[in-house]
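Take a look at the structures listed below.
Two complexes, one shared chain (chain A), two partners (chain B, chain C).
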Partner chain A sequence: MVSSKYIYYLFLVNALMNIINFVPRVLIFTRFQGTLPSIFISTAIGALLLYGFTKGIAGFKGQGLPEIFNANLPRFFSFFLLIMYACFWFSAGIITMLSFVDITVRYISPDISPYAVIIGFLLLSAICCRLSSESILYGLETILFLSTPVIIYMLVKAFLNPNFSWDAVLQIVTYMWTKPKYVTVAGATFIFSGFFNLAIFNRNFKELKTRYLWTIPLFGLVILLITFVVPIGYQGTVGVENHVYSWFSTADSIRMELFIIERVLFLFYTIYLMISMLSTVVHWHVGLELFKGAFQSKSGKLPGKKADWWVLIPFSIATIVIMNFLNQVRLGQIGQWFLNIRLINEFVLLAILFYAKKRSAKKT
Partner chain B sequence: MGKKQGEQGAAWLSEKMSGQVDFEQRSLGSSDEIGLQYLSSLTNSDMINRYIVIPSYEMESLQAFENYIASFPGTVQAGERQQIIEFVLKGFVLISIGKSGYLFNAVKVESSGVGEAVNEAIVQGPRDAFSENIELNINLIRRRYQSETLKIDMLTVGKVSRTSVAILYDDERVDRQVLKEMKKRIENVKIDILQSAGELEKYISPERVRIFPTMIVTERPDRVVFNIAEGKVAVLINSNGFAILAPSIFSDFFTAMDDKIQVPMVGWFLKTIRYIGLLLTLTLPSLYVTFASYNPEILKIQISLLIAGSRAAVPYPSFMEVFLMLLMMEFLTEASLRLPKAIGPTATTVGGLILGQAATQAGLVSNIMIILVSAVAISNFIIPISMMGYTIRVIKYIMTLFAITFGLLGVVGSVVGLIMYLSGIRSFGRPYMKMYALEIKSKGGQ
Partner chain C sequence: MKKIICCLLAIAMPWTISGCQFKDIDKRSFVLAIGIDRPEDKDKKNQFEVTLKMAIPEGDPTKRSQEPVVITEIAESVPEAVRLAKSKTDKELDFSHCKAMIYGESLARDNIIPLVDWSSRRRDIQLIMFVAVGQPTAREVVKMQTKSERLPGNALILGLGKEGTESPYIKSAYSFDLSRRTTEHGLDPFMPVVRTKHPDMLIIDRVALFNKQKLVTILSPDETRMLNLLTSNHLRSSFKVDAEGNSFDYNLENSKAKYRIKADKEKKAIVEYHLSGKASLEENMKGTPVTGPVLRAISKAASEKWERDSVKLFKKIQASGVDPFGWGLRYYSRNWNNSTERQDWERLFPGLEFQVKADLKVKYTGMIR
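Here is the complex of A and B:
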């Protein structure tokens, strides 16, 4: 059993790594067609989902999604749903991994084979996601503790730079009253979906204390605005669209004049490598547990530890195969599809959860 | 007033101390009218014999004996219950004569045998280390922990050696689960000979490949006392001057007893220094490989040129250089450890001068590499508990291997992997790596 502060870490890790998962790309792509209103709308939607989901799952104390579904829904239905959501969570991890491989090969080590990079990534995620949920939460805490100060330092450095163009930012604000687009809203709500990991991690909370839950939408809004504004401040309102990974290009424009590492890019890469590895581990862990939950026996027994590899090895092979077929454009498109489907999927999950809650209330 | 309480005190004391293995009760006199109660580990049995037992049979009357006892310097009339238990725990003997009670000073003074702590040296603070005698070691702890809640359980381990093992804990603060688990594990140890705490630690650890110690083996009584007060379980072994402390988590291995003595700010500083040292000793070799062979562009151009220039004469890749020098450093450390004191300095001279100076001039290793290796070695020695130091020494090689295969990705990946691995370890059910300080602050939210 762990204290409730870990919910916020689950949120934070997702919110921080949105930069890897093509969120800034869609925000910048539609910057003249309603990104700003979308950010505010998605904060509202995110807050709605957040309250709905935590309220819904708090009713099932110490239970994960598999236990809730298997107990309250028809067996066939719950099996199908759990497998679907497991694949969904696995693909979230896979997209993070693939885009990070792309970033590594592009910015850091052009001479390392992408296969070596992805195998390293897969080994780490596959081994670490088999740890107990509690252990993963502790690891999460430690790594966030180490990386947040550096992120804050980099942000301060970014904003204090005299070459940061506030005019470009002000100009983009003039596009406030444009009609928002679904893709942008879908992309922006991604940063709130960290707490959906409670689907499994709820098992470890004795009681969900959600006194400071209101800070999450607030933080989310700030993070979204930063995600959107900083690349524009550095690369201008028009030039910004020339970059695929606009945040990495932005980090590369900042210098630390007095440090032994001069380009902020490398610091940025290191920290984001840590966070995205962690996020992959969290996603894969949830995916794995959901998958195993689908095969829960009638007596409530879950498959043993050895069964993990029957799930992890196929998904790892699938990752390598998918990487083989993807170039940068396709990867970006898939990332965008994922974000689009994700938002609908989250509403579906919420609806099923409330249905299950009603059923369980009727039973007792 | 003292009379009545003396009699009641004796009965109360025997009830309170029941279950303490070293608590002894004796009755003297022709019709058992004199009662003695004391802790055998703290008292001098010779004194009790000579000044209490023998005279009690020689005295003509009970009154005369009472006067005789009362005349000793240091003897006090038994008063409050709390006073009785305090004095008995100091090594006094409670003598009840008829209805009155006296506390007789028979404290065992063990000046010989208690040496200074060598492995965990300290600047200020207590210097005693455990001796090789379990009675004396219990004495050392009792002297520092004068509370009736300190309980001692005795067990025997080893079919042939019959080594006595003492489990010490504070009855009120201990985690029952850990205590039960510890007893079960020690009882399950099936070996012939047990001679050291390290050995026992190995046998009672859960069976699997492990690299991080989950129990502290210490030679300092003050550390044991401090940990018992925190609710941990200590295990003492006869004929070995070390104690085992469990459960021990990651941050415990980075606590020196100095931290308590220093000014708070200085204590914090020292702790931070240790973690920085840990980070350096772990990552410096692997970062060197990364910067020299994979990503020289990460560093500032001047530094990259400096490294490249210093490596100009070196005829093999950077990882060979790193492994060569790290191994040499390990040999040097091991050699100076095992060598007799008289030859010891030779190793340092040979290692320091020849390996350091001559190797760079010959162009076998770069100058920067020498500096780096010494920095790695020194920052490794900062870790206060040597068991953890050894572990870190091994981990460093694993990280270097990852750096060789994956470059910067390998370094960062192995740091993440290490943190996740540490988070997965449990020491007697307690998470090994958890941000302890932050947990206290947010206790209200739990």
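Here is the complex of A and C:
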């Protein structure tokens, strides 16, 4: 059993990880057509989902989604839903991983084969996601403790730089009164969805103490604004669209004159490698547990540890196959589709959870 | 069983490392500065002449034995020229330490866009690379070996940046800044100008203003210093001023410039600058004692001189039709009518008026009165 602070880490890892690829991409893409209102709306939606989900799952003490579904829903439905959500969580990990393979090949060494990189990443996440939920939570804490100070340092450096153009940022602010778009809202709410990992990690909490839950929408809003604003301050209101990985270009535009290395890019890359691998591990762990939960026997026995590989190996192969099909543009499209579906899916999950809660209340 | 699998995995891991065609450091030559010109040859007017200054890694960087390798190549595009240069050298060209890119004047007067695109598109070229215009040609500038240079290209890099010399006449520009200014509405690019002086000197004391595409005008050293004062805080510089029938030099210790644009409905806009600074005296031509009233008189005269000079600079820049200060962007960012603001500004720009309020305080007389 772990203390309640780990809930916040689950949120934080997702919120920090989002800036590597898809979220800033969609935010920047629609910057003249409703990003800012979308950010505010998605903070509200995110808060709603957050409260709903924690309220919902807090009713089932120490139970994960598989136990809840299997006990309270028709067997066929729960099997189907769990497999679907498992695939969903796996694909979240896969998309993060594929983005990072692309980034690694692009920024670190173009000579290296992407297959070598992806195999390294797959080995790491496949081995780590088999650890117990508790170890993963402890790992989460350690890595966040190591990386958050560096991220804050880089952000301070970014904002204090005289080359940061506040005029460009304010120019974007004048596009406040535009119609929000669904794609942007779907992208922006992603940073709140770290919470949904409680679907499995709830097993490890004796009781969900959510006294400081209100800080999360607040933090989320700030993180979203930073995600959106910093690339614009460096690349300009128009030029920002030209950069494929706007945050990596931004990190490359900041200079540390008096540090061991001058380019912030490499520091940024290392930190974000850690965070995105961590987020992949968390996603895959949840996916794996959901998958195993689908095959839970009537007596409540879960499949053994050895069965893990029957899930992980097919998904690893699928990752490599998907990578084969993708170029940069398609990866962007798939990522956006993932974000779009994700938002609806979260609402569906919430509805099912409340339905299950009602059923369980009836039973007792 | 488990142990055996783990051992096998551990043995298999190094294979992935060797598989990446990694080239050792002694098989690389590091490009430290690039210069790009239009060839002098009339037939090749539309081609590019690329000059690469390279360093070969050596053991001891403290010794001054480092002779740079300079390769010049002409081709129809920059990547093509780089490929040609690759076949002239035995080592792999590595651009990841390239810290300066010089645009030859002939090229800068023509079109810089393809090069800005090339340098920001290439993954290994840093966005924090310095950019500058080279006079008479970029090749001359890149080839120049100054006496004080200890590592190849270092004189150029230190000169353009602020780690080495910190001159008020140098307005440094980064690659990412250049590329953002070529696309941004209401903000135009500028680059410092590097001139060669034979036999072994580089002079950086001017700044070139661009419209989105090409060089429009080059400012004089005094105007460059004024531009620097108007665009950056904490400029360290000295200025000369005549007051009380005497001539003084003061050293600026702290400065601050801010402005706002007041636009009204009647097709008129005023750019209001507010300059402030603190200074101490550095030289007194006649050696007369400097008292409190004299200090105040110097401050007043110096402030008035700033006001005159900056308005003159503004008028000149306005007449050339470019906007290195980003007044346009400031105007857009303070106006909410997004659909019409750009036409409004285009109408306002030629008739802009300038008001400068300078508030310079010469506070100290130096070590003697």
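Just so it is clear, the second predicted complex is superposed on the first by the 363 of 364 C-alpha atoms of A that agree within 3 Å, B and C clash if a C-alpha of one lies under 4 Å from a C-alpha of the other, contacts with A are read in each partner's own complex, and residues count from 1 in each chain.
Keep in mind that, in the parts below, a residue touches a chain if its C-beta (ideal position, glycine included) is under 8 Å from a C-beta of that chain, and two chains touch if they have at least 3 such contacts.
Please read these numbers as outputs of a predicted model, since none were measured by experiment.
Shared-chain residue A:112: touches chain B and chain C both.
When both complexes are overlaid on chain A, the residue A:262 reaches chain B and chain C alike.
Judged by the touch definition given at the top, the superposed model places A:135 against chain B, while chain C stays out of reach. Of the two partner chains placed by superposition, only chain C is touched by A:175; chain B is not.
Touch criterion met: A:165 reaches chain C, while chain B stays clear of it. Once chain A of one complex is fitted onto chain A of the other, the partner contacts of A:253 are limited to chain C, with no touch recorded for chain B.
Looking at the shared chain after the overlay, A:321 reaches neither chain B nor chain C.
Shared-chain residue A:348: touches no atom of chain B or chain C. When the shared chain is aligned, chain C comes close enough to touch A:238, but chain B does not.
In the superposition on the C-alpha atoms of chain A, the part of chain A touched by chain B in one complex and by chain C in the other spans residues 109, 111-112, 116, 120, 262-263. For chain A in complex with chain C, the touching residues are 32, 106-107, 109-113, 116, 119-120, 123, 162-163, 165, 167-171, 173-175, 177, 234-239, 242, 249, 252-255, 257, 262-263, 265. Chain C meets chain A in the complex at residues 9, 16, 19-22, 120, 123-124, 126-128, 162-163, 174, 176-177, 179-185, 187, 232-233, 326, 329-330, 332-336, 338.
Remark: chain B residues 294-295, 298-301, 303, 405-410, 412-413, 415-417, 419-420, 422-424, 431, 433-435, 438-439, 442, 445-446 touch chain A in the complex. Within the complex formed with chain B, the chain A residues making contact are 3-5, 104, 108-109, 111-112, 116-117, 120-121, 124, 127-128, 131-132, 134-136, 138-139, 141-143, 145, 209, 211, 259-263, 266, 269-270, 273-274, 277-278, 281.
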